[in-house]
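Below you will find the structure I want to go over with you.
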Amino acid sequence: MLEVQDINLFYGAAQALRGVSLTAEPGKVTCVLGRNGVGKTSLMRAIVGQAPVAKGSVRFNGEDITTMAPSERARRGIAFVPQGREIFPLLTVAENLETGFAPLKRADRFIPDDVFSLFPVLDSMMRRRGGDLSGGQQQQLAIGRALTMRPKVLVLDEPTEGIQPSIIKDIGNAIRYLRSKGDIAIVLVEQYFDFAKELADHFIVMERGAVVMSGDGAALEDPDVRNRIAV
Amino acid sequence: MTSSARLFRLARVLCSALALLLAAALVQRAEAQDISAALSQLTTNKYDDTEAALGALALSGSPAAAGIVSALADGKLVFGGLPPRVFIEGPGGALLDPLTMQPAADAPAVKPVRVNNRVRRAIEAANGALSLVSPDAGKRREAALAVGRSRDEAALPALEMALAKESDPKVKSAMNLARASILIAKEGITPAERIAAVELVGAEGNQDALAILRSVPESAAPEVKQAAAVAIEGIERNLAMWGMAQNVWYGLSLGSVLLLAAIGLAITFGVMGVINMAHGEMVMLGAYTTFVVQEVIRTSYPGLFDASLLIAIPLAFLFTGLIGVLIERTVIRFLYGRALETLLATWGISLILQQAIRTIFGPTNREVGAPSWMSGSFEIGHLSITSGRLWIIVFALLVFFALLATLRLTRIGLEMRAVTQNRRMAASMGIRTNWVDAMTFGLGSGIAGIAGVALSQIDNVSPNLGQSYIIDSFLVVVFGGVGNLWGTLVGAMTLGVANKLLEPYAGAVLGKIALLVIVILFIQKRPRGLFALKGRSIET
Amino acid sequence: MTDIAIPEPTTAAEPAPAAKKELTEALLYLDAVTVTFDGFRALNALSFTVDPGEMRAVIGPNGAGKTTMMDVITGKTRPDRGDVFFNGGTTDLTKLDETQIATLGIGRKFQKPTVFENHTVLDNLRLALKGQRRALPNIFHRESAAARERIDEIFETIRLTEHRDRLGGALSHGQKQWLEIGMLLAQDPKLLLVDEPVAGMTDAETAQTAELLREINANGHSVVVVEHDMTFVRDLGVRVMCLHEGSVLAEGTLDQVSANERVIEVYLGR
Amino acid sequence: MSMTRQPALLGTSGLIFLAVLFVAAVLVPVLNLYAAPDSAVHVPTYVVSLLGKYLTYALLALSVDLIWGYVGILSLGQGAFFALGGYAMGMYLMRQIGTRGVYGDPVLPDFMVFLNWKELPWFWYGFDMFPFAALMVLLAPGLLALVFGWFAFRSRVTGVYLSIITQAMTFALLLAFFRNDMGFGGNNGLTDFKDILGFNIQADGTRLTLFVLSALALGLGYILCRFLVRSHFGKVLVAVRDAETRVRFTGYRAENYKLVAFVVSAMLAGIAGALYVPQVGIINPSEFSPANSIEIIVWVAVGGRGTLVGAALGAVLVNYAKTYFTSGMLAPYWLFMLGGLFVAVTLFLPKGIVGTYYDWREKRRQHDDIPDEPLATPRPAE
Amino acid sequence: QETIKVGVLHSLSGTMAISETTLKDTVLFMVQEQNAAGGVLGKKLEAVVVDPASNWPLFAEKARELIAKEKVAVVFGCWTSVSRKSVLPVFKELNSILFYPVQYEGEESERNVFYTGAAPNQQAIPAVDYLMANEDVERWVLAGTDYVYPRTTNKILEAYLKSKGVKEEDIMINYTPFGHSDWQTIVADIKKFGSAGKKTAVVSTINGDANVPFYKELGNQGIKATDIPVVAFSVGEEELAGIDTKPLLGHLAAWNYFQSVDVPENADFIKKWQAYTKNDKRVTNDPMEATVIGFNMWVKAVEKAGTTDADAVIDALIGITVPNLSGGFSAMMPNHHITKPVLIGEIKEDGQFDIVEQTPGLIVAEEWSPYLEGSKDLIADWRKPLNCGNFNVKTGKCGGAGQ
């Protein structure tokens, strides 16, 4: 469904990605692992179109979307939960969720119940401004917002960061649930190894902007993987 | 001739005309008099003679007199030929005989009989005299008021006669008031009569009444003076209160102008964060659109003139909106996230637009007329309200609420806010940021454009128009609190009213300085404006 | 076994006699602190103390008020009610502004890493380094050898040596976290307030951070650390306080607290 | 391990800048005085005064860049400080006229005589003495900046709010100085100066001296600014610009840093104004006009915000463009050119001329210096 | 072929472009006419146009450029007093000639400047006289923009009115800032002041852009010329072209020329001017006439002197007489001001003026007003042997009251 092939990405003169490839399948979770600053976020940005790639291609359902605008990618079904949450601070929680309506047909423009059953706190804070929420609440809102888009590919950049344990469990369950629906491909960046291990169908490990290991979920048991992401 | 003598003579003419006409009306028989002497006086091309002729005409009782006077007022009275004769210029330029209204036998080269302010006043007086007995009650009332304003003793007998016959209560009270106004200053009436007059006038309670009451002669009895003093004091107190209300009204009106000027900026600057120095020029473009619309109407569809503003509003919105979209697409869009650089670019754009207008329309002011429904004024109590200003207030509020509704209630409004708060993330939510940006800037510019339509009614339409509003606009938006539309509304109205309350005490210049200082101090108290955006995201 | 203190939601105007005693001994003393935002109670009569040299972990659900508590201590948010004292009750923090509080020796790491984006990593540390803070003298300030050494040390600790000349803004999320920790170390404060230091760190780094904090604490600094990562909290091995809806829900060792029914219900999950 | 070097007090571009300035300060007078008037290298006097004016503008731009580029204070009222410095100097020059005014009043300036003023207002006292006037050149803008800044920074007025109230300040001063009753000559301002320190203000020698002094002031101003921004103090300034709250939490009193920079900047602007007035021969309230202050910002942006050399360069360049465009064939279209220039600079040289040059140099250096990091070869997990 | 260069120093952009652009066109027009007539001294004239952009220091810079770099023989330019003051030292230093075509506050007479606009006594005082005599005005509102010209003019008028027996309380003086656009309060005040039973008039020295909103407000509040006439000194045909004049019918202006002056010279001039500008609606106005007069005077003086050398032309100019456009002649007097008729016009619906009064003879400018304390003893005479712009008749010395 989503294929990233051999991409390079630069910030000015500094190269952040070197020939990275990745694929994501519906009903599967692809995990991206790696230490700080190895380029995980950069890879996600390349997928959703927030940073231009210098070389290589990104394909979605066979279509080349390498140079496509982020909004068009979103309209094709790629939803993004960014690191650092990126809530619209002055919009209310409800409005934040509603921003996800853009790719939807008029009839679909409602917030799916999943969002509230997953994150009940959002329901009680619909009228509050997004920017006023606590860090963890914002993270929940960011995920809810992405789900509102009914995505085909869900790109999650460290979604558990700053979230309380019980909700991390919920998020894990949610991802499992989405996976079980079988029509969503999930790309997950995660530093929290145990969490990743439980969910991953595939994984890649990055180092210095390049993929140094990859395999399917079971291979995560390999101690080498842990070593790679240890210091 | 000395001035007082002239005044005196004018008054006499007026009064005898009144008396005569009344008499004529009473006996139901108008005797046509020979007015040829008066007519020939109209051909000397001297104001004094014209004035005298008017008096004679009013006196003549001739049925043609009214027609001649109104022809003169309309500039249709011409003279020419040898010896010079007077004609009335009929439709299509035909020369008519003023007495018979039949086409004249010959058609000599003619010039209009010239009119100046003095003659115009004489025309008014003659018209007044002719209309105290007019069958139209409204005209009779006007005439009575005019007599009251002139306060001429000589008019008293005529007035009293007319009063005796008058049945319409409104006209009657006007005549009574006129009579009282005259009596107050008249020599040789009883104190009781004078006090009654003082009371009648005092009840009127307006500025004119004040002037009349002040004319109580030095020689009047002490109790009369006392009564007048009491009445004056009462009126002054009353008027002072009304004056306050009037100032507030002026303030609201000024506030609405500020609101109009600022509201587009509240979008481009307040919402989008573009330091839009070209905002004023958008207002200017709106004003020039109005000019062009009126120009087309004037030359091609004169009948539509009263609708010209209504036609101009959508056109100005579209035109300036389009220019705004153009600017956004070619320049601004490269500058998101670099707010300060938008200042440089938009400053450049503003210079270009100014010069473009100067090149196309010339550097001078352009005439934009007021449709009839925007001219004139009316009174509520002692509050004088000009229709133009009233409409501008209404219009400003309409625009404001329409905009507020757009931003708050519509999908595009939500997208606009989302995009301006986090462009990158909005794109990743599937919002077409390019399109939304262009629309937002276009909306702000379009609103500035329709503000220009309204401002063309009260200010110059010149290439400098925008420059004169840009500082105030920024001040309003910032004072109200950037990013909050309500702030812009309240900010504009507050500044307007404060300005107008300060002005009577400090004068226009010091008042404005004081206002600026107050704003500076106020910002120290509330560093994010009147309606500050609050919350975590702002504070860090 | 459990040591649950559910404070009365009443507002204690005066510190209770027992509290008075704590006041004179405590490094940091909060009593009945209440903060509301537009009617929303973020802190509700929150009271606790931190002793000199103590390290304290704070946990609690998202939105419990942990960050707000730090905001109150550092002067960013003014409490509606309640007392905040520092240094054994000698200093009333609610009367001071951020700068004064920082000068007193309270350092903070923010939940969202904030560094000086247009300064190099090195300059970020230089700016944070304990030393002259006044404007005019700083025009002529020269860096001492000791300062240079200290900075090198910190670089070793945070492992950003190779990034020293890059701009702070060009660091990845996790690198910024480390830089901010480095800046906190450079300030050498008496009391460190650390908000979610290991968010976005790998497990190994998490362990290192715990080690680092323990070390700092061992050197006599008091530390209050907020974190959701239970492994990390366990690594710290210190007294844990769980906040909920703006007040303390439970306090004790991690085992005690995590056995608390309410804590499990609102925070840990089953 | 070695610490990275502190950048030199004067970087390469700084040295080039000062060198150019020095050469100009020497060469222009020499070529004006000694080159034959019809030779190609002769610098006519009117060019000298033009250049002198540009130099004062450059100093003014420098003062703006110090606070805008390094502290993030976008002052839309910098013209006010410039004008105050100018007025202080103008008042001195006015008093020097003495009985040579049209009414020949030994004390009162002409505009006071014909408005029937009987005696000199108190705030004119002392301006007959140059040292006092020179002091006021610094004090008047400095004090205004101190008071204004003290209030504003302490109340944490920042960003556009600060910009707009600085604009309100200069606008209020504009209106005030326009008033004849203020005693500064109203709209006509102060003109018709005769001499300065006893030298005829129109003499070529005086002009050259003023030119050289302007160059000197600009050079010293540059060195001062450079020294400030390079110091620890300057680093805090930049930190304040980017993350003011963070600076506070680090224990710095941000408002004091801002205040110092603001006052220094105001004084530099005052000096620029004082040098400007004798060279152009008039000071009038329009110098307070908000548009003027915005223009200064524009110069800095064109040259490159946050690069001191750029600010100075931008001022000279934009003003040269203005001089050039407003004469000859282009005169009716010069606003198109100038406006177009501003748009073009923002679009194509986003960091201004010098800023973009620095970026370009930086990029090249990175390409040259840092070899690409070795690539780790991906290998699948077994 | 060698040409004689003529400098044109009028703002083509900025706030003053609105007024000054026309004058630039006028000079260009005159240059073209003169060249068609064979030029001057057998040489063609060449206009050098610069744009000082309504910026006063730039005026000085451009003046210097014109004289020193372009070597023009004469400059026609400036509108505001401050721009004139700004260029004055330049003209003195480089000894060149400036023709200044706008009415101004007086109080100046410089060797290098020739003032072809009106001094206050050539505009303001006759206007007031007219209102007193013809409209029986007893109460006066002196409304002006707060700058030197209105201040001075109003000072002179105040002294003049008082000398005519007008009482203090019958004079209301009001100043507004430049570009003032909200006139509601002031117009209401005027209305109030005018309703005290005495005939009231407004003498307006309101400048520039502020006039349009002022007149619009007068119209809105229903103040008609028959109630409270307004006489303006800065409102001419050009300004009226931008206003809907219907509500202004009868308000007045005092100038030394109106487009509606009905003499053949004027008709001829208007025809040529409209042909030159290819616009048959293009109006003419008083400062244009002053420019034309100045231009013709300069040409005549150059021909008389036989050279364009500044000293010779300056000397030759005094006494030069040229036809003005109102059917008479204007002469350059020794005080470097010219003689002028004064015309009072009432605004007509078509934006033109109906001339209701014209002074019988020409009026000589009083550059130093007898109504001002400081200047009543001064005279200017640039002929030898006096050769002085501020000769004090009391002390008998040149240089004001100074020692």
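Labels for the chains are A, B, C, D and E, by order of writing; each one numbers its residues from 1.
The rule is simple: a contact is a pair of C-beta atoms (placed from the backbone, for glycine too) under 8 Å apart; a residue touches a chain by one contact, two chains touch by 3 or more.
Source: prediction; values computed, not measured.
Q: Note the shortest touch-path length, in steps, from chain D to chain E.
A: The least step count works out to 1.
Q: Counting one step per pair of touching chains, how few steps separate chain B from chain D?
A: When the steps are counted carefully, the minimum from chain B to chain D is 1.
Q: Between C-D and B-E, flag the pair that has more C-beta pairs in contact.
A: So, comparing the two chain pairs, more contacts are at B-E.
Q: When you average C-alpha coordinates per chain, which one falls nearest the overall C-alpha average? Tell me, please.
A: Closest chain centre to the overall C-alpha centroid: D.
Q: For chain A versus chain C, what separation do you get between their C-alpha means, in angstrom?
A: Centre-to-centre distance between chain A and chain C: 30 Å.
Q: Please report how many Å separate the Cα centroid of chain A from that of chain B, as a whole number.
A: Inter-chain centre distance comes to 63 Å.
Q: Send over the residues of chain C in touch with two or more other chains.
A: 37, 76, 114, in rising order.
Q: Hunt down the residues of chain E that sit against at least two other chains at once, touch-wise.
A: Chain E, residues with two or more chain partners: 12-13, 146, 175, 177.
Q: Among the residues of chain A, which ones contact at least 2 other chains?
A: Answer for chain A, listing residues that touch two or more other chains: 14, 132.
Q: Given the complex with chain D, which residues does chain E contribute to the contact?
A: 12-13, 49-53, 55-58, 60-62, 64-65, 68-69, 80-82, 85-86, 88-90, 93, 107-108, 146-148, 151-152, 155, 175, 177-178, 372-375, 378, 389-390, 392, 399-403
Q: For the complex, which residues does chain C have touching chain A?
A: 37, 40, 59-64, 66-67, 111-112, 159, 170-175, 177-178, 196, 199-205, 208, 228-230, 266-270
Q: Write out the stretch or stretches of chain B touching chain D in their complex.
A: Those residues of chain B that touch chain D are 269, 275, 277, 331, 334-335, 338, 340-345, 347-352, 354-356, 359, 467, 471, 474-475, 478-479, 482, 509-510, 512-513, 516-517, 519-520, 523-525, 527-529, 539-540.
Q: Would you mind writing out the residues of chain B in touch with chain A in their complex?
A: 411, 414-415, 417-418, 421-422, 424-434, 483, 533, 535-538
Q: For the complex, give me every residue of chain C touching chain D.
A: Contact set of chain C toward chain D: 74, 76, 97-99, 102-103, 107-108, 114-120, 122-123, 126-128, 132-136, 138-141, 143, 148, 151-152, 161, 164-165, 183, 187.
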